[in-house]
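Common to both upcoming complexes is chain A, partnered first by chain B, then by chain C.
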Partner chain A sequence: MAGQSDAELSLFSAEELEFIAEDEIVDIVPNLKMGPLNFISGDFGPFIPQIVAQVPLWLAVALKKRGKCSICPPQWMSVDKLTQVLEAERNSQEMSEQLPFHYVEISRLLFDHAHDDIPDAYMVSIKMVLPCRIMPWGFFKCFALLSSVQVRSLIEDIRDVRFHKVETDLEAFNGRTIAVKIKNLSAMEVNIVRPFIGRALQAFYKHDSPELIPDPERVPDRRPQVVQNAPRRQLRR
Partner chain B sequence: MAKYYDIDDIITEEEIVSVIFQKPASGVGIDPSSETDFIETGSKVELPFWLAHELQLRQAVSVNVPPCFNQKTRLEIQADSASVDLRSRCPFFYEFGCKIAPIVSDRTIGFLLLSAFKSRYKEVLTKAHTAAFAAGSKFWTILTKEEINLYEAAQSAMISFKKWRKGGPRFQIASILGRKRKSTE
Partner chain C sequence: MASSSMDGSIPTMDEFEALLSTTDVELLKRAWRSEKASPEILRYDTDLVSRLTEQIQLMEETVEEKSTSGADPLSLSLYQMDLDRTLFLLRSYLRVRIQKIEKYMFHIRKTDELWNRLSKGEKDFTSRKGSSNLHAYAYRYYASLVFESNEFSCCRCIEDLKQHLEESVLSKLPENYQSVEKQSVISEEDDMVPEPRLDTFVLCRSKEYLSGIQLEDGPVDDRSKLFEMEPGVLYFICYKSIKPLVESGKIDLL
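Coming up: the complex of A and B.
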């Protein structure tokens, strides 16, 4: 885990971020009848078959593992929306604000535990694209939509584009700019660059300190001070 | 004293600097070239930094600018800082520079350090987060200790993220448990 042995830079590991992301609320369609669950974080349920309920992601995953529900993927996890976001990300240097803070973790959790729910959600979008079959390339487009592979690769692409943007933003660091403003950065993206930025800023701060790059007037009275200190210390003994 | 136990700090202070004695000293065997144990005023001796610093505080010596901050290195850094082999010159280039700058009263060292770090930082940044970059390559060998720390911080963060994304077993069985079960079978 990045920097865990280093007490100075106390960091989250990717697994810990995933744990935090599990508190996000998702919609599920349960197939069991159960009364409401009362947790410290709130009350969830009651669960009635075929009636959508809102639960935290961890509970959704736990129910899904037991085959007690199907998870409705969040709205942003559709091919249409993701293509739109990717387009927006490519077109501007600004980070898009359309994705949730934990999009990397949520998408991974859903792919791992509920990937059979994801293609279902795209039947809608497939129907919308079907008229494209008239055009020669339309057929291939439909074909690609049939699996969740496209969603996965779209999210990967978005993450790559965004990460590249972060890197170009970080190039702006030099001694004088001690901060860079990057809006809408997601949790995982921050976590990846955190150890690097922390150290880089420390180094810049150290090398830009007024002691090393002094004002011309201040220098003359600094040096003799050091020299005077030595005999004074001896007197005290 | 915060860095008293810092091994990197200790190694940094081991760096050799050449000094000129301002006062005669007797009974010291620190100059291997002299036949007697007596050092005359004005003789040039190479000492580790920690000793030179203490002697300088007592005005016994004056410290020369070490070779890694000489004019030749400066010109190379100005020309193409990213490809200068700072590691062979001084593995703790920046830390040593910070320590030596107030002693040799050379104000330009501070600027040199900052400008060198600024331009080399960009090089490290562009390469650090691509995990495909092999550790044995040439780029790795010219970095100073501080830059390597930076590089490794970025690399380990990226690697742990990639590991997480790939998945795999979440709960690992302790090796001792596996062995025990095997022996009973």
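Coming up: the complex of A and C.
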């Protein structure tokens, strides 16, 4: 996507988005006994072995790293659900609303740190993983028939399909576009298209504004023009 | 410009409970995201920051206490993580604001509305005398805020920058072009003062149903028609047209 180099327009880095997503609540099954934790960001626990507890993702990951719990992957991360979502995404130009706002970050964090807790996510033989990546779209269904399709590659496919849709939607922009409504786009997706959309809309806005359309009756003078409400000439930078 | 249909309604029980369960960290996170996304500087929430600074201090003491009393190292490290996350958020929030102040200080100084949005420390930072090293003072400034020791009196950003520009460039230009604020003496207004671009398009989300938002000054008629916002849906929209709604906290930027 265009404009990734412009730090000012992309605003949030991937790490910052991850930081935000780490506050999402997940279920864990602790295997240790620990009293309640009274954090600045809220109270969690107490933790009793084999009793499900709700904690923010960062805490779940921290406990998991120390081998103190297993993370229950959210319901939407099951193979069944993801296959459904993928199907829905492929059948409609609309964005599916079944995935959470931070689905990319959450799944990424869980894959990185709680790989063994995700059903069917264990490394299927390399043979399986490779074809999924290089295959043309049409063949996907054949593979969905095979029992253990990786959750990871499903999510990657969903991402690809969704992103393709976003790109097609962008083509519909024209000079009259003054506001864009975005339904069900996730945090990461929005962050990727933000620099492009922001700048495109701004350019439309700028070239459309009446102040910038030259007035033929006005005698041109040599004074630097001061244009109200319009972006100034940036001489200083 | 703002809608008339969204005057202050009494919060329902649900909203009230949601308000109670919202932690200060959550509020700061919202403020941080809005601040990062907005082209101009937003109001500084003095109460929120001071509440959080207190909580951070308290937590630092607790962690300190626990580490000396030999408490469970696991829970200790978790407390430390929580503390670090909050500190990161606070520092990042203050840092974003400092960046904006450094960029638009002349503009902020002469616009009362913006000037009043700064915290006391930020005002000092912008105008008072001090060293010429901006960044050292910027650092001290937020260090002083985070650790709440006001002994670091902050600096004279504006004066320093002015002095620097005058010494290095302006004094060597012809007489008519020596102003920091104007291109030349015949300029009618201060056309050399960098201002935030309010026509930036921002990404936003409303908490409630809003109607009657005017997307202002379009050349075509259908531009002036009123715009509606559904709660929870994302919109790319020109910052100018939702500015009052951002200021009143009805819309979050992200």
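Just so we're on the same page, the second predicted complex is superposed on the first by the 171 of 237 C-alpha atoms of A that agree within 3 Å, B and C clash if a C-alpha of one lies under 4 Å from a C-alpha of the other, contacts with A are read in each partner's own complex, and residues count from 1 in each chain.
One rule holds for everything that comes next: a residue touches a chain if its C-beta (ideal position, glycine included) is under 8 Å from a C-beta of that chain, and two chains touch if they have at least 3 such contacts.
Keep in mind that this is a model prediction, so the values were computed, not measured.
By the touch criterion defined above, A:Ile20 lies against chain C but remains apart from chain B after alignment on the C-alpha atoms of chain A. Touch criterion met: A:Arg194 reaches chain B and chain C at once.
In the superposition on chain A, contact of A:Arg108 is made with chain B only, not with chain C.
Contacts of A:Leu59 after superposition: chain C is touched, whereas chain B is not reached. Once the two complexes are overlaid on the shared chain, A:Phe12 sits against chain C while remaining clear of chain B. By the document's definition of touching, of the two partners only chain C reaches A:Leu37; chain B does not. In the superposition on chain A, A:Glu171 makes contact with chain B only, while chain C stays out of contact range. By the touch criterion defined above, A:Ile182 lies against chain C but remains apart from chain B after alignment on the C-alpha atoms of chain A.
Applying the stated contact rule after C-alpha superposition, one finds that A:Asp208 touches each of chain B and chain C.
Overlaid on A, the two complexes show chain B and chain C touching the same residues of chain A, namely 11, 194, 198, 206, 208, 213, 223, 226, 229.
Those residues of chain A that touch chain B in the complex are listed here as 1-3, 9, 11, 13-15, 18, 104, 108, 112, 163, 167, 170-171, 173-175, 188, 191-196, 198-200, 203-204, 206-208, 211-214, 219, 222-223, 226-227, 229-230. Within the complex formed with chain A, the chain B residues making contact are 57-59, 94, 98, 101-102, 105, 107, 109-111, 113-114, 117-118, 121-122, 125-126, 128-129, 146, 149-150, 153-154, 156-158, 160-161, 163-165, 167, 170. Residue ranges on chain A touching chain C, taken from their complex, read 11-12, 19-20, 22-23, 32, 34-35, 37, 39-42, 58-59, 62-63, 66, 68, 176, 178-183, 185, 187, 190, 194, 197-198, 201-202, 205-206, 208-210, 213, 223-224, 226, 229, 231-232, 235-236.
Across the complex, chain C meets chain A through its residues 23-26, 29, 33, 36-37, 52, 55-56, 59, 72, 74-75, 77-79, 81-83, 85-86, 88, 183-184, 186-189, 191-192, 194-195, 197, 199-203, 215, 217-220, 222-223, 227, 233-238, 254.
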